[in-house]
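Got some structures for you, see below.
Okay, so chain A shows up in both of these, paired with chain B first and chain C after.
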Partner chain A sequence: MAEEERRPNRLSEEAWYPRSKTPLRRTRALTEKKIFAPMKPAIDVMLEIGEGVIASMKGLSLTLRHVFRRPVTIQYPEQRRDPFPRFKGRHVLDRHPDGLEKCIGCELCAGACPADAILVIGAENTPEERYAPGERYAKVYEINYLRCIFCGLCVEACPTEALVMSNAYDFSADSRDKFIFTKEELLVDAPLQIRDSKVVLRAGEEVGEYRVLKEGLARARRQEERRKEHEHTETED
Partner chain B sequence: MSEPSGVGIVLGTLEKFVDWSRRSSLWPATFGLACCAIEMMATGASRFDLSRFGMEVFRASPRQADLMIVAGRVSQKMAPVLRQIYDQMPDPKWVISMGACASCGGVFNNYALVQGVDQIVPVDMYVPGCPPRPEMLIDGIMRLHDDILAGKYRPRIQGSKRVTI
Partner chain C sequence: MTAFVVVSVIKVFVVFGAVLGTVLFTIWLERKIVARMQSRYGPNRWGPFGLFTSLADGVKLFFKEQVSPRGIDKAAYVAAPVLALIPAFLAFAVIPFGEHVTLFGQTVTLEVTDLNVGLLWVIAMGSLAVYGVVLAGWASGSKYPLLGGIRSSAQMISYEIALSLSLVPVVVWAGTLSLREIVEAQIGTFGTIGWLPGPVQWIGHLIPKWYVVFQLPAFLLFMAAGVAETNRAPFDLPEAETELVAGYHTEYSGIKFAMFFLAEYVHIITISAVAVIMFLGGWDGPHLPFLPWMWPLMNFMGKTFTLVFLFIWLRATLPRIRYDKLMVLGWKGLIPMALGWLVVSATILTVKDAYFG
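Right, the complex of A and B next:
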């Protein structure tokens, strides 16, 4: 009695789900969904089959269209992507046109390296053993390519543009020792950027086997201006 | 020396065949840890297509994998997990250390990261780069293929506890 008062509008189970009607409802629902479709005209069946065939042909045509498209796969070892003009690959130590090394052993690259991958030990040039113009040269120059992250900060830091980055990138190896590239391996035989001091090589320009990554245009211009000033003063004198 | 010479020829050829078959379906375990994993996924995708080398199935279960590509920096917390997955792999197995972080910590020289995954597992091939482009990874994989085909890992496989041939 108390429960009836609390919920006066509550219908009994019987009223919600009339037990006698349930099976009838169920069959009706199933026939509406055509699960129990008892008989169908043959023409309807044919139409449905036709629809199915058309739908699957639509799907297959998409697949077939790809047969005539250009394949996207790059067959890597045989076929190589052309790297971007400013691609950062393995480093190269450049030489001056007269054959002397550009590197002066200043260790700025080692200081700029965020991964501590570069080791430079400088030494004094002597008249008997001259490697670089000026006072000093790099006695030891090593880059550990397992540590190197190819960010190019060393190239930006280099004051003499001795360090440039090439396009070489595939040099995996099975031991750690093979990744420490010494000066002999890094140094190019012939000068990489043979150029007059006033000619400015653009980034992406090809020199021999390598491609110039970065040409400090501002720096080159500044040097050029300084040279002009110097020439002026010389002529004035 | 006492065995007939024909046996050596047959077994030698069989060993070469086994090496060839090992090389031709080197299934990697899915072990992407950081940004290198993005490049690893790109390597498996259609543009670079690792399935050209029978390697497109990156196995989620280490029991079905032969090769672990450690792609990314390994934190101290991840190290025991990595070792466990390596131990769960069945025995002719190889490890590629992909990228600067996995190989030696890279720029992250700090307390949180393992400075080189070779402190935990034996590494067979190092791939430089940060991250390596897909070609670099394929290059490392192909060098590993060549080593397997040349029989470089045969003593290690035969010397292991579970003898496979």
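Right, the complex of A and C next:
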């Protein structure tokens, strides 16, 4: 007891493996009798070995039983498990029943996004080119899934319920470009596997104070440059 | 003479190919069985039931870039995997797979050669395996491989004593070191046992004359030491990934790693085959009238794979043992027990010869 008080972090052997739970406890209790006292060490060793053998057999039988059970693995590409109903997967831009887009290009989603993953550039609807019912529509709508954290704040911010989240979760690709989803890929009736950009504006073209992203992490690079400029001016002061 | 040379060369190639194929199959078997014991599927992409997975892995490793770190001892670094693999295959030179077959008028014994010191050869080749591991650990110029190499040199040298000592009682009983003669001494059953009461005398016809019947302690000691000698779980301290990354083959990649990997599995099959020869009667077993040459081979392979399954089963079940406990088990447990059993079985043999003729 005194030793355990001195080393409180160390559990005694009894605590790890209580004698009362060992498989040969009845036999062990028998050997406590006085007549066996002279042979006690030898008996203890044999009991130890017996207990070890029984414990190993238990372990081995457990693993052997598992051979005849069904594996729990889901064979992923062939078998899929449906996500839960409110799973936050890839975004979808919804349409009105008459086919017009719900998105009005207000940029509230881009403003709400904590990861700075959304780029929206609005434009005026004209009678010849009408996309949304109101005055404006989203000319460019890009979500960068390398930045997106799937928090859903954009969906909450959307005033027209145009931006909703689907339960698609597996859209891996072999290039960073392909993780920037354009409006054509995000619209609800777009085929899921469209990867090539069909954006009206070319990549790199500047619109107002924005630049259309299609080359990987252009925005991050620009922020980095801005930060460096800032540091530069600070050191000059 | 020419015929002998031709037959020998053919036998060498056949045995080499067969062992290589068996190793690939064993790797697949291990992955599959361990997976099922952990409620997984295991490899199932390549070929039926994923049977070609090992082959695909081998091809991949063969074409991989050879990454060798700075600060290595170049000569030893290259030699180590070869030194690990060659003795593993050489041990198979003396292992008899079956009786003999008659092909094109030639009587061919089913082994590369029948050395009169066959058992010694197998044990010697097992001891040489430690060089590959130690050199790999030393030559890598990195701390984890070095620790793995030191551990394994201590472990393999310790357990090889117990391994050899557990085989001595069988040698004493059989009176020979030739593996073929040891197997031939075990063929058949005990027959009618005279000293039993009349009605149960026939039971001797059901008990095979395998050494495991009277040498069960030696068999258990051999298997325990064999698991440690092959560096398999629960004695896989040289490559304990929780402590040593991958132990002695941490710095190896591509075909050099594949050589270590192959050597490990060849050792498993060697230990299993030796256990079958020494204790389980080799190719002795049921013979059916059709295809007479096939049954000895089938018996031998069936028994060997049963023991290989035991290796895999242990690996899936038991956690890794602590290093000081491993040494205590080896020096204070297995070696005294093997010595004690040697004395007991030699006494039994002497008494049997003296009084029962």
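For this structure, a couple of remarks:
What we mean here is this: the second predicted complex is superposed on the first by the 130 of 237 C-alpha atoms of A that agree within 3 Å, B and C clash if a C-alpha of one lies under 4 Å from a C-alpha of the other, contacts with A are read in each partner's own complex, and residues count from 1 in each chain.
Following the convention adopted for this analysis, a contact is a pair of C-beta atoms (placed from the backbone, for glycine too) under 8 Å apart; a residue touches a chain by one contact, two chains touch by 3 or more.
This is a predicted model, so every value here is computed, not measured.
When the two complexes are overlaid on their common chain A, residue A:Ala42 makes contact with neither chain B nor chain C. Comparing chain B with chain C, the partner in contact with more residues of chain A is B.
In the superposed model, A:Val67 lies in contact with chain C only, and not with chain B. When the shared chain is aligned, chain B comes close enough to touch A:Ser172, but chain C does not.
By the touch criterion defined above, A:Gly59 lies against chain C but remains apart from chain B after alignment on the C-alpha atoms of chain A. Overlap of the chain B and chain C interfaces on chain A comprises residues 72-73, 75.
Those residues of chain C that touch chain A in the complex are listed here as 33, 35-41, 44, 313-314, 316-318.
Residue ranges on chain A touching chain B, taken from their complex, read 72-77, 80-81, 114-116, 144-151, 169-176, 179.
By the touch criterion given at the top, residues 46-49, 52, 100, 103-107, 109, 118, 124-130, 133-136, 138-140, 142-144, 147 of chain B touch chain A in their complex. Against chain C, the residues of chain A that register as touching in their complex are 56, 59-60, 62-64, 66-67, 69-73, 75.
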